[in-house]
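You will see two complexes here that share chain A, one where it goes with chain B and one where it goes with chain C.
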Partner chain A sequence: MPFGSVVFAFAVGALIVGATGANPFSAYAGLLCGGLGIGCTQGENPALEISNTIVFAIPLITAGVAVALPFRAGLFNIGAEGQLLAGSIACTAIGIKFNTLPAPILLPMVLVGGMAAGALWAGIPGVLKATVGAHEVVTTIMLNYIAQWLLRFLIIGGPLQLGPGTSKSLPIGEGARLATLLPADNSLIIFGLPASVYRVHTGLLIALAAAALFAFLLWRTSFGYEIRAVGQSQKAARYAGVSVRRTIILTMVIAGAFSGLAGAVQIAGVDHNLTDKYFSDTTGFDAIAVALLGLGSAVGIVLAAVLFGALHAGGAIMQSDAGISSNLVLVLQALILFSIAANFVGAIRRGLPFGRAPAALPPELPPAAGLMTEAAAAPPEPT
Partner chain B sequence: MAHKHFRFLGVVAAAMVLTMACGGTSGGGTPTKTYKIGLVTDIGGLNDKSFNHLADIGLEKAKTDFKIQGDVKESKSGDDYVPNLTDFATKKYDLVIGVGFLMQEAVGTVSGQFPDIHFAIIDGAGTDAKGVDLKHPNVQSLYFKEQDAGAMVGVMAGWLEKNGKAKKNQHIIGAVGGISIPPVDHYIAGYKWAAKMEDPSIQVKIGYSNNFTDPAKCKGVAKSQIDAGADIVFQVAGGCGLGVLQQAGQSGVYSIGVDADQKDADPSVIASALKKVDVATYTAIKNVVNNQFQGGALTFSIANEGAGYSIDNLDVPAELKAELDKVLGQIKSGALTPPADIPA
Partner chain C sequence: MSGLEDIFHLLFTANLWQATLAAAVLLLLPALGGTISERSGVVNIAMEGMMLTGAFFAVVADLAFHNAWLATGVAVLAGALMATIHAVVSIQFRADQIVSGIAINIFAAGLTVFLANRIYGLQDVGHVGPTEGLPYIDIPGLDHIPFFGKVLFQQNVVVYMALVLLVLVHVVLFRTRLGLRIRAVGEHPQAADTAGINVYRIRYSAVITSGLLSGLAGAFLAIGISNTFVPNMTDGRGYIALAAMIFGKWTPFGAFIACLIFGLGQAIYDNNSIIHVSPYLLSTLPYILTLVVLAGLVGRATPPAADGLPYVPGSE
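So, the complex of A and B:
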């Protein structure tokens, strides 16, 4: 992970807090408590704070993978949000329609259904890119809008609407829900609170499995090699006998399946129904930042997702404990992204006489992944 | 047994009345408790110039009047409602207030987990996922009689039409609702009822945008009403309704705002129908401080100063002001009762 960018963001964030007349140390103490449950002074429950952070991190991990994989093939998937919505819509529709089925049948159905919908949503730009060369940045963004408006139609006046005047769907059946790690019981007391307040759910295991699968696919399979080859140089890949079209389409389809899974897990594990909050959901966009910050590696993505989850969960605690607007969290996220994109932490380091020489860009990184390194992207060496 | 208990309670009640009558001057040695109040905004945030902003004003007023510690959490997304409410509850706040019906499900969930913590919710109840009120005894619903506020602006619209003081004076006015849900229809019901009372020949055009956020949608509905002769349009559609106010400005007719005072939104706004969320928030806090918290619904209306109207960008003639005061007094005394359902 580009730690320099994170340190830079927090340093500038502290200056901003200081400039508004507040105390940066109490702000970050609030973030640390709310994000990781460390050093809480005002009666917060550390276990609850950690639980909240993980709940926020789960969809970011899976969606982060969905951005990182196409990166390796030289594709910029800005459509993770739309694919995530497609997955959550499919999950909800199936979970309502077959709400009487038992969990062993229904749960795989909603998760696979979500993956299929996400795969379809990402497959469209994949096919367009491979056949007519339509740029995936444009097409995936447009499909985000289509997914958002489809969702609007479905839960406001459409077939999934709960009732007149509402802007949410019916809840999915009990069998379609992912269990929480702790029993969802109001009367059982764990760590001093009712067990049901800890919302960490088994989707955590699914997200970690998705990250592991991503690493395996990329580095241990011949298809992963093809993805990297296409990302490196389409011409060279073609010369080596790789079908570039097939690789582009399949990469997008798999990425969409990951995004769709993120949406399905969010419905099955946390929300249990579609609500108007999904109109303004930003998980798929935050996932781009997570993929960049995680340098496109599975471990990096998990760490970056936990950082973003901790910032999200910590913001509210910071606001009530230190009296600093939780908007600071958005500023920090933006600063992290900005310093990764502008790459000037690496530039500063190179400029210093005692500075470390920039790490050479690993030759297997595609041009689009240049954003994922601290060093300036060198032109890929011919292999 | 029960009889004895009641007698004991009676003695306690009498003692409390006496203590209160003494006005705290004799309260010397007992340390007074600092009540902790937590306010959770919906995604609109504190600067929404509407519910969240007004709730914060109510909290600030309570801070100056009572010995309380008031803390606010702004929700950035719908994902934040449950964690924000839960955080206040785990810290054993004396009252946790959720602003707005978007938080109904979250309040329903968290209030079930913390039966010893008091919750209040503006414009909603603690519900399950299907929107059914769970009726937790530790949840107080703060509702409003929107028809009271609607009636006051209806009086204004009807009087202006009858006396030829509007722009076109064809005895046609309009109302643009977001979605046909009870709070929206209550406003429109009071508006139409009062306008007809003032001007029996009036025609009230009612349209819905099926949207609460997109001004363009409401603009279209308002335009069709104005094209059909309406020269006063009442918006009951939140952020979408800003389009109604803009369209009225562009077409050179009058408009009426909703929920909060919207005189700054457009020069065409002559009045606003008010839900006094600040009064509701303050009252809920006051009840907790006075140990009078009660689960269930608490309704705010003209009678308890929880609903009303504001006169905005219009010099109101004295006769109209007199008429408004007369109707306000009659609603307050119960002589007039605006209907909750839109009259035919």
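So, the complex of A and C:
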């Protein structure tokens, strides 16, 4: 993981905080406490803070995979957010409609339903890219907003609304819910708190499995080879007998299934219904930073997801303890993105303040992520 | 079907078209900025963030100086400053322009609220007095023309400015030497460089211009239309502007037509009390229409050839 970029972001972030007359050290102390449970001064429970961080990290891992996989094929999936919302919507709709079914039937239904919805949401850009060369960045942005407005329609006046005047959906059935890792038992005391307050859920295992599946798919299957071949050079891949169209569409569909799974797990494991909180959800955008910071490897994605999970969880404590808006976390996230993309750290290391050396994306990512690549200018040949 | 009848009725009211033009202008300014930037070969999905920054600083400056014009100037500069970051990162450092654009949007969303809380405490930024907003101006002699007077000549001052800018951007891009250079840099930077054009300077200027225009749109939104700042108040308009740019096939007047279509949707949305379609469903229309255009059902949308590719001097 490019730790230098993170250090750079925190350094610039400290300058920004300092410039507004606040103390960057107390801000970062709040982040450290809320994110990792270290150095808490206001009586926060470290175990609970770590638990919250993991809860934030779970969807970031799965959605991070959904961005990292298309990266390998030279595709930029900005649509993880829309695909995630589609997954959450499908999970909720199925979980409400069939709320009387028992868990062994209903739970697989809501998770697979979420994956299917995400796959559809990503399949549209995949097909458009493969057939007419419409750039996936633009089409996925459009589909993000379509999903967002569809969500508002569904839970404000639409068929999933809880009741008049509310902006949330009915809850999903008991059988559609993922269990917490610890028993929901108030008499069991763990690290000084009842076990039921820890919200870490079995979706963690699903997320880790998704990361493992990503690595297996990419490096141990012939399809993974095709993805990487298309990412390196579409022309070369075509000569090697790879169907570029098929690879683009399948890659997007699989990525969408991962995003949809992330959204479904969030409903099944944490929220149990759609709320207006989802209007301003940014998991799918955070996932872009996770994928870039994780350098597209499974372990890197998990570590990066934990970092961003810690930032999100820490932001709340920073705001309450240090009085610094939790929005500083977004500033830090943007700085990390700038730093990775521009390779500021490499430029500083080479002693060249104005980065003369060509260095765009991290070296392991294919160079084809620019907005208008060869595939956009001319659709891939039928194979 | 009383719903259809209601919409039909609505289409013949001057109020609707007056609101349509205002909503269109809010999208047109960033769309023009995006068009200039992408014509020079720099992909710009950062209009959302530049607009939001402009909106925030317009309100901050207006509350401090009680002068809408000064506030607008500050907003325009703030937008340009954000654009400069995008330019440095994506032109000088040759970063991925999409990642840089996303970073700008996240940066703006975070920074505006962070600064609001630093300056005003953990509460709302507050209202700008109506007298300190950007003024609405009726053009004497023309504002009483039936129907068209209300639609065209009873508007906010920014609307008139935007229409002038629309013509100006069109003329500069397609009728001047500078425009030829911008387009050459966006289509074939190597050839442009060989012909003695400073590729970096053109691209820097184009990207910063997109920030100026987006900042102006932010000021229009914050101290022309709503007289307050709320977090994330641009609410995706920068992305709709991006859609309008593509819809308009990277031309100013094409973008304007797209903005009018999207603006009409917005105006109908705002008149929702008399129609019976969910406003939320209606809001998906600009995005669906853009997908349809991208799918090639209404002609091909072809971007400038070198759009998104960093220029490395001396490369083939």
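Everything below uses one rule, namely that the second predicted complex is superposed on the first by the 350 of 383 C-alpha atoms of A that agree within 3 Å, B and C clash if a C-alpha of one lies under 4 Å from a C-alpha of the other, contacts with A are read in each partner's own complex, and residues count from 1 in each chain.
Note that contacts are C-beta pairs under 8 Å (C-beta built on N, C-alpha and C of every residue); 3 or more make two chains touch, one makes a residue touch a chain.
The structure displayed is predicted, hence computed values, not measured ones.
> Once the structures are superposed on A, label A:P104 by its partner contacts, choosing first (chain B), second (chain C), both or neither.
In the superposition, A:P104 contacts neither chain B nor chain C.
> Of the two partner chains, chain B (first) and chain C (second), which one does A:S325 touch, if any: first, second, both, or neither?
both
> Where does A:S280 make contact in the superposed view: on chain B (first), on chain C (second), on both, or on neither?
Both partners.
> Who does A:A313 touch here: chain B (first), chain C (second), both, or neither?
After superposing on A, A:A313 lies in contact with chain B but is clear of chain C.
> Tell me which partner touches more residues of chain A in the superposed arrangement, chain B or chain C.
Of chain B and chain C, the partner in contact with more residues of chain A is C.
> Check the residue A:A341 against both partner chains and state whether it touches chain B (first), chain C (second), both, or neither.
second
> Using the touch definition from the top, say if A:I156 reaches chain B (first), chain C (second), both or neither.
both
> Report for A:I78: first if it touches chain B alone, second if chain C alone, otherwise both or neither.
After superposition on chain A, A:I78 lies in contact with chain C alone.
> In the superposed arrangement, which partner chain does A:Q333 touch: chain B (first), chain C (second), both, or neither?
second
> Determine where on chain A the residues touched by chain B overlap those touched by chain C, and list them.
The overlap between the chain B and chain C interfaces on chain A comprises residues 156-157, 280, 282, 319, 325, 329-330.
> For the complex, which residues does chain A have touching chain B?
Chain A reaches chain B through residues 42-45, 48, 52, 56, 156-157, 162-167, 170-171, 186, 193-194, 196-197, 199, 270, 272-273, 275-278, 280-282, 312-313, 315-317, 319-320, 325-326, 329-330.
> Quick one: which bits of chain B touch chain A in the complex? Just the residue numbers, please.
Listed in rising order, the residues of chain B that touch chain A are 38, 43, 71-80, 82-84, 86-88, 90-92, 102, 110, 112-114, 129-131, 179-182, 210-211.
> Provide the residue numbers of chain C that touch chain A in the complex, in ascending order.
43, 45, 85, 89-90, 92-100, 102-104, 106-107, 109-119, 122, 231-232, 236, 239, 242-243, 246, 278, 280-281, 283-284, 287-288, 290-291, 294-296, 300-305, 307-310, 312
> With touch defined as at the start, can you tell me which chain A residues reach chain C in the complex?
16, 20-22, 76, 78, 124, 128, 132, 134-135, 137-139, 141-143, 145-146, 148-150, 152-153, 156-158, 280, 282, 285, 288, 292, 319, 323-325, 327-335, 337-338, 340-344, 347, 354-355, 358-361, 369-373, 376-377
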